[in-house]
Amino acid sequence: MAEWSHFNEQGRAKMSDVSGKEQTKRTAVARAVVRMKPETLSAIQEGRVKKGDVLAVAQVAGVMAAKRTPDLIPMCHTIPLTHVDLRFFPRESEGRRDFAELEIESEVSTVASTGVEMEALTAVSVAALTVYDMCKAIDRAMEVTSVYLLEKSGGKSGDYRRDEPRRRNGV
Amino acid sequence: MAEWSHFNEQGRAKMSDVSGKEQTKRTAVARAVVRMKPETLSAIQEGRVKKGDVLAVAQVAGVMAAKRTPDLIPMCHTIPLTHVDLRFFPRESEGRRDFAELEIESEVSTVASTGVEMEALTAVSVAALTVYDMCKAIDRAMEVTSVYLLEKSGGKSGDYRRDEPRRRNGV
Amino acid sequence: MAEWSHFNEQGRAKMSDVSGKEQTKRTAVARAVVRMKPETLSAIQEGRVKKGDVLAVAQVAGVMAAKRTPDLIPMCHTIPLTHVDLRFFPRESEGRRDFAELEIESEVSTVASTGVEMEALTAVSVAALTVYDMCKAIDRAMEVTSVYLLEKSGGKSGDYRRDEPRRRNGV
Amino acid sequence: MAEWSHFNEQGRAKMSDVSGKEQTKRTAVARAVVRMKPETLSAIQEGRVKKGDVLAVAQVAGVMAAKRTPDLIPMCHTIPLTHVDLRFFPRESEGRRDFAELEIESEVSTVASTGVEMEALTAVSVAALTVYDMCKAIDRAMEVTSVYLLEKSGGKSGDYRRDEPRRRNGV
Amino acid sequence: MAEWSHFNEQGRAKMSDVSGKEQTKRTAVARAVVRMKPETLSAIQEGRVKKGDVLAVAQVAGVMAAKRTPDLIPMCHTIPLTHVDLRFFPRESEGRRDFAELEIESEVSTVASTGVEMEALTAVSVAALTVYDMCKAIDRAMEVTSVYLLEKSGGKSGDYRRDEPRRRNGV
Amino acid sequence: MAEWSHFNEQGRAKMSDVSGKEQTKRTAVARAVVRMKPETLSAIQEGRVKKGDVLAVAQVAGVMAAKRTPDLIPMCHTIPLTHVDLRFFPRESEGRRDFAELEIESEVSTVASTGVEMEALTAVSVAALTVYDMCKAIDRAMEVTSVYLLEKSGGKSGDYRRDEPRRRNGV
């Protein structure tokens, strides 16, 4: 098993040393899925045009959270981000007719000596929680059913791609 | 369907008005589940004694994140928290032998005019992401498979309890 | 002239003592005006439906900034906010045909021992700067031409109302 | 009209991609003007020597706010700042004898792949609000009458200079 | 020995539960001492009048840090502060002629269900570090030789007073 | 005496200009000492195995505080940190049998155009305050008896090494 880069010889957590690593372009894509009642998803989708845009708020929350990642994840490096974007994909829930799903996908880039996986994961997590916050009065049982890294590129540890397609359209 | 308390008459998001609501004790319990390779979970459990305590870092991250919730969730009220705690429960993954699971449970309280669901959810989300960050070098495919509200009490909207037991022991 | 409540006997700034003041409901309304080219304002207004909603971002930025006020204004008290809202009012520029104006109005409330003027002013200031940021690529000469307190109520210093009407409709 | 670099193809706000842009020195100068009663300005000017230095507080607030800009302006990039400075220029109000004005000028630099206009504008905005906060007990009708970009240099979009002189002396 | 209120039954840190404690006025006074070369202290003292006021910056930093305490000290409660003040006392170093000392004293109050010792200690610590930062170019060997709680009052655990006098004058 | 790089020609604090300085590796090591009752230190040391790990919390607090330094120290530059680590060394108090001491040592690195002394000092200060917070219920008279820079390297101002050894083992 690989060693723990996040612990020192006292067995205490540290921010791992990336001083000697090259500054290269690095990108990460993450995804979160929020499961809700079909009528909640409909309300979100209609809201954009009429009553209030839940996803616009979640979008801003996700972008800002990406920037706050080193304030939240203790051993995460502080790096300047060069790109943050989130996209939303509503869909029927796989295998469960009584639920709909909102998929949230983030893409984060930097030119730095370490990667941005945590920034991408934090962005979708906070966007998902924001959707929950905005809709909890109408659907308290909403659940985030998935948060994971979809792909990353750049850096010495090489590229990673989870065996799942990226979405192309959305709302 | 209930009205959107988070939008104004321009259809734009607002922090809903709780000025007239009574300040009472409110509690929320949330849960996140992180799915990982069984050897990753073993490494976490052994680490506490020997090499480095991943969960101690996640614990601190979760408590601090609960306090930062209004900075992250745009329409969330700023309220003083009177209690934040997180507990960890390792277990075999239900139905999938090739995975183990770490369950993270938070409990947050306040005496205020609005609830702390978002604080409890943010605490477990950030704790889960911290576990990911600390272990990603050895298991990049880790996934947060669930983030949800387990129960809440206090406030005019009444108590809520998801149909699932709370854990009693853990690590 | 009233004494400086924000300086101690060493002539150094302090956060004034409100320990003995009663916790009552306090509200403040502030306004900012952003002057821009008429076609910039048109682009903002059309964007909501078609290409991207500048004001949705400014709205979120303003609400979040209200919560961050004590982090920004050094001698400002940390108080829980019970309500934050912003509204936008596009209009022709008074007296200058070559400009259009976007008026931003915030309303902030608390139940606390001190007022929320600074929170209301910070909300509209940051919302105005966000409009600038989102549109600067198409109109770098945009200018915030006004930021002021429109009214405040509650607290021992009494109510204040600037001699100007509040807007009622908007976008 | 130039395209909106801050929106994605879903029409949602994003942090625009500057990954491929060169890291060069970039500077921005911004200005805010605060209008107040002449006796308020006198009190500020005398305070430095005797009772308490309002502008020292505003100075610190402005420098710190420049550093917090990406936390406030949602789509603003996180970049390391290499220089932040603010200067204050008291003067009689143009065309209105019953008012005096305090002009606040910021200069911000970076070596990065994007500019610092928002940092310069945020610095003067927060400094102006701090002046308001420190003096509001004696002059609640103070007003920020102007916040704008004075000049910027560096970067591919070229230099910009508003048709106004920069101040040279001050307090 | 008293029990650890900051650990749960899993042996992990928590924010202790103060939900049931009464909201009363609580005050804490803390002190930090910075030891420096006598000429550094002279430069600080002269600077106020002539070249630049180091202590004005330290004052603002200390007040702002008091407000940020729950963001820094992991298990510290988020409470609204009703008063923060710092005072500075230059003096000769006790027993060492080659050093001078700057004493920094903070006083912090709240009306809350828990005390403000950490806020008072954080305020003087950050003020002391700010003095170091502002003067390090001329005296890198400066040292914070003491940070401690001087007194606290209010709350169930009773009053505490260290056996040392509080200062009355200063700069 | 060297000039004040942190003041402008108005005698007001500024963030000094490092735009033209080369980006090189810079490291700083700082130390804080916390004096406490011997039984408090014993409780901390035993706690790691049994009841709760005070130092794990202090470790995380110190690392996170290093990243927050520019938010705390007003004129401090915002730079990306490439490494942060803290170590703890318990020992008997020199010359005073009734006290024990916990020494906290931080090491911080960056590749930037300015140094990280303040980050290293902030890390140990906040770690020390966290130890105080976690143990104050059992030993309110704990005192931070020292915070200082131990060494720094890199940058034009040259290396600095205080005449004291660095520790090699610890807990």
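Letters A, B, C, D, E and F mark the chains as written, and numbering starts fresh at 1 in each.
Assume a residue touches a chain if its C-beta (ideal position, glycine included) is under 8 Å from a C-beta of that chain, and two chains touch if they have at least 3 such contacts.
For clarity, every value in this text was computed on a predicted model and none was experimentally measured.
Using the contact threshold fixed earlier, the set of chains in contact with both subunit A and subunit E is B, C, D, F. Counting steps between touching chains, the shortest path from subunit A to subunit C takes 1. Between A-D and D-E, more C-beta contact pairs are found at A-D. Subunit A and subunit F touch with mostly distinct residues; of the residue numbers seen at this interface, under half occur in both copies. One inter-chain figure worth recording: subunit E and subunit F are separated by 16 Å, centre to centre, where each centre is the mean of the chain's CA atoms. One inter-chain figure worth recording: subunit B and subunit C are separated by 33 Å, centre to centre, where each centre is the mean of the chain's CA atoms. One finds 39 Å separating the Cα centroids of subunit B and subunit D. Among the residues of subunit C, those touching two or more other chains are numbered 8, 12-13, 53, 56-57, 60-61, 64, 68, 71, 74-75, 80.
Pairwise, the chains that make contact are A-B, A-C, A-D, A-F, B-C, B-E, B-F, C-D, C-E, D-E, D-F, E-F. Across the complex, subunit F is touched by residues 25, 55-56, 59-60, 63-64, 66-68, 80-88, 109-111, 170-171 of subunit D.
Looking at the complex, you find that subunit C touches subunit E at residues 8, 10, 12-19, 21, 70-71, 74-75, 77-80, 112-113.
The part of subunit B that touches subunit A in the complex is made up of residues 1-8, 11-13, 39, 43, 47, 50-53, 56-57, 60-61, 64-65, 68, 71-76, 117-118, 121-122, 125-126, 128-130, 132-134, 136-138, 140-149, 157, 160, 162. On subunit B, the positions that touch subunit F within their shared complex are 49, 53, 56-57, 60-61, 64.
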